[in-house]
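Here is the structure we will look at.
Labels A, B, C and D are assigned to the chains in the order they are written; within every chain, residues are numbered from 1.
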């Protein structure tokens, strides 16, 4: 059967990225202090394509991902998956994006009742000029952490009460392949920067606690952002980070938002 | 050219609804006390198909919607559009769903500064057994109104503060074709049932006002629901209604939710 | 600490449904011919609330779902979960909705290469008037199956080719608690009704096969719908069903759509 | 009333971007060869915040956007809006993002019947170091164009037929403030690069035409990408561009995808 993808292309354009997107796949992630967790990832994976070739071979991306389904992953070891894809497709560079829901047991602050909380997370990795002297590998871990923000201005100017709301703190960090940051630890650091942490299960004594904690820690999106930035600047493993805080304002139909990106 | 849709189908199955979905179209809606508003609707429209026919003629739905683009609509007059579709396709029954963003000018409560607030709305209409003695026409208006809810339990048990958040009150009402309910009026009634109304633009004096108003009017989703139900029971034009209140809890990553449907 | 929810409410309104929504939780589903699968469900769960009470106790829904996390579920046995919720909240009626991604191994039609395909599924269950003579329990299984549709009209009128596209066939079926339908079997029946089944992994010989299969089986959304309806009418376990076919037309920016609901 | 935002912040962190997001607003866009079009934009707008200040003043973003509602916009003139925001908030830099649906009349290729087609578009603009010698203004226009792709491999290896599907070509272009590219022209150029253009309304003779056109122009995502890249390289106004083609494969449940970004 003819291999149309392999035909010569005369347009002379090296394609930077070509591959598949929105591919659902179960993966096996190593957890901190616990057994592995199967996660359901939405995957995107691509390679570079030299100008001589009409097309890439899409089925090979699926083959490689299918082989990696049963591996025991630690995020940063995804380099191996990109190397397989690059070899199988005779490419020079490759990228992968895996987003998934991750579940962590969480204890209510006073009653200590346990329940399971869900966080949106992702792994992003890039491998450029593989096996050349310019080889570059970059791994990024991303988490989206729901928290409470309570408005300092509203608290100050009102006789009583203060508007508060759910906010999403999105953080992504890059670090070297021989280092490791646990999802559990990154989330826990972020939760400490909000007006209050949030929980799936709160009994009445817990609800009193989180209400008062938030009132005692009023924070603008700017405050949450700055506190997260301070923590990430101090973290020696982190080489590069991006922080976003989006507050689903309870008094408006839009969000308050702050953003920072830094390299070390 | 052969008309495949018109061929005889031997499976003997009358199809209840067949048509198009996710069709984007600009429409022209009559506003209360103001000039018309062009809205961008996502439309779904369908008819019944007798068992003899293999298929309906999809392009005719688009033709009829295109003709109605320039009309001056008042929701309940959509019967005319359904009649066109039913006639054009020799059907007996038809349905239409139009969802769109609707903009209303809103004044801040203390500073009286004006801005424009956006609400998700929809029209739904059904015409069954057209032109027979069993003919039934039903029009439904739906609105989704963002508001603030402040938790009565949290206020009661805490020394200070109370968790609050954005909540969405979704209401749909049905009424006779010769009656009319303005979107503006329905929204305004719903906003009065929350802990506080929300606004696009609030200066400091307004923020103090909405913060204190919410603190003085603590409401569970159950409370908002019951207050909306009372208003709709009293409204003589409304023949049937459905109310939902979903509160985007600031202390959890899930929603509190209440629902009611009533016929008169 | 005061129990605000337990206070007397004077508005005299029995609430039909109150509970939580958008709650993420891992669950353990029994599979056909295989070990269990952990799925990540988005849960909604609610009860009725008598007019005397101001509010329900939201944390108890989370407690019951947390207890059910480790159970070995078969869909229809969710009655037990609703009974727990109803008892814990002294309610009469309850409802639950669990939607989740479900993964099934699938073999390519010619090369027989294996990969994993993902389907959106849901369980819905209702328990009304629990422990009375009017008790009613209803369980519904829903699946969304992506397939290919190839247009019979386009094939007929064109010299060569025919437009085709991805379509989503959504089916929900209700059956008695002592009966059982495997997700795997329901999906497989639906896939046989399309122009062609779709696959995560196709080598060249497979691609030739699915292309020619679809061309040999042109089907409108009406055809897919009718063939699924025939299968479900014949299935003796199914007491009630709903079928939708939405075709993401390749020649338009909207969908073709057909719908049927039947009771036996 | 105290101005909490204006207080001194001791953390010493200059914030790169702070503002509002998901703000819905009607805007007035100039069209090619036609009267203006009111569009409903989802807006994000932000400024830089020096380390001395605790917070920005969120209501001023809404005030400025509200003033711009009635202007007659041409995309690139959004610099004026950013200047207002920067001045009103004593900032140095600002950014704005406006995404909206844009409607264009389109004629069927053979019957010449007219209907209205909807495209997702956006304006993005950045103004850095305003009023300094390093001032930088950058305007970006983005469009998402649905088209048909027909697979060259499937056509080649199959006896008859070829799988085809809807694909989305996303293009963004940057150009100088004194230049102009009409949305209508950019979309029309992109549509010429696909296997076939798509239409809201097609009569039978049109359907034959688009089916045969697509069959005669088989294109991988790589082909569409390369053809768009060639056009944009030739366009002298464009200084920088980004192209993505995502094909909603009819034989898979995932997408094929290609991406390119170039500076001139």
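One rule holds for everything that comes next: a contact is a pair of C-beta atoms (placed from the backbone, for glycine too) under 8 Å apart; a residue touches a chain by one contact, two chains touch by 3 or more.
Computed from a predicted structure; not experimentally measured.
Student: Applying the touch definition from the top, give me the chains sitting in contact with each of chain C and chain D.
Tutor: Looking at chain D and chain C together, the chains touching each of them are A, B.
Student: If you tally contacting C-beta pairs, which comes out ahead, A-C or A-D? Let me know.
Tutor: Pair with the higher count of C-beta contacts: A-D.
Student: How would you label the chain B and chain C contact, same or different, if same means the shared numbers make up over half of all numbers there?
Tutor: Over half shared, hence same.
Student: Among the chains here, which has the CA centroid at the largest distance from chain A's centroid?
Tutor: Following the centroid criterion, the farthest chain would be B.
Student: Rounded to a whole Å, what is the gap between the Cα centroids of chain A and chain C?
Tutor: Inter-chain centre distance comes to 29 Å.
Student: If you average the CA atoms of chain A and of chain D, how far apart do the two points sit, in angstrom?
Tutor: Computed value for the inter-centroid distance: 25 Å.
Student: Where in chain D do residues touch two or more of the other chains?
Tutor: Within chain D, the residues that touch at least two other chains are 1, 23-24, 118, 153, 157, 200, 202, 204, 208, 253-254.
Student: Which residues of chain B touch chain D in their complex?
Tutor: Going by the criterion above, the answer is residues 1, 3, 23-26, 38, 40, 59, 62-63, 66, 69, 101, 103, 113-116, 118, 200-205, 208.
Student: For the complex, give me every residue of chain C touching chain D.
Tutor: Where chain C meets chain D, its residues are 117-118, 146, 148, 150-151, 153-154, 157-166, 196, 198-200, 202, 204, 207-208, 210-212, 214-215, 248-254.
Student: Considering only the defined contacts, which chain C positions touch chain B in the complex?
Tutor: Of all residues in chain C, those touching chain B are 1-2, 4-5, 9, 11, 13, 15-24, 44, 46, 49, 54-56, 58, 152-153, 156-157, 220-223, 225-227, 229-230, 246, 253-261.
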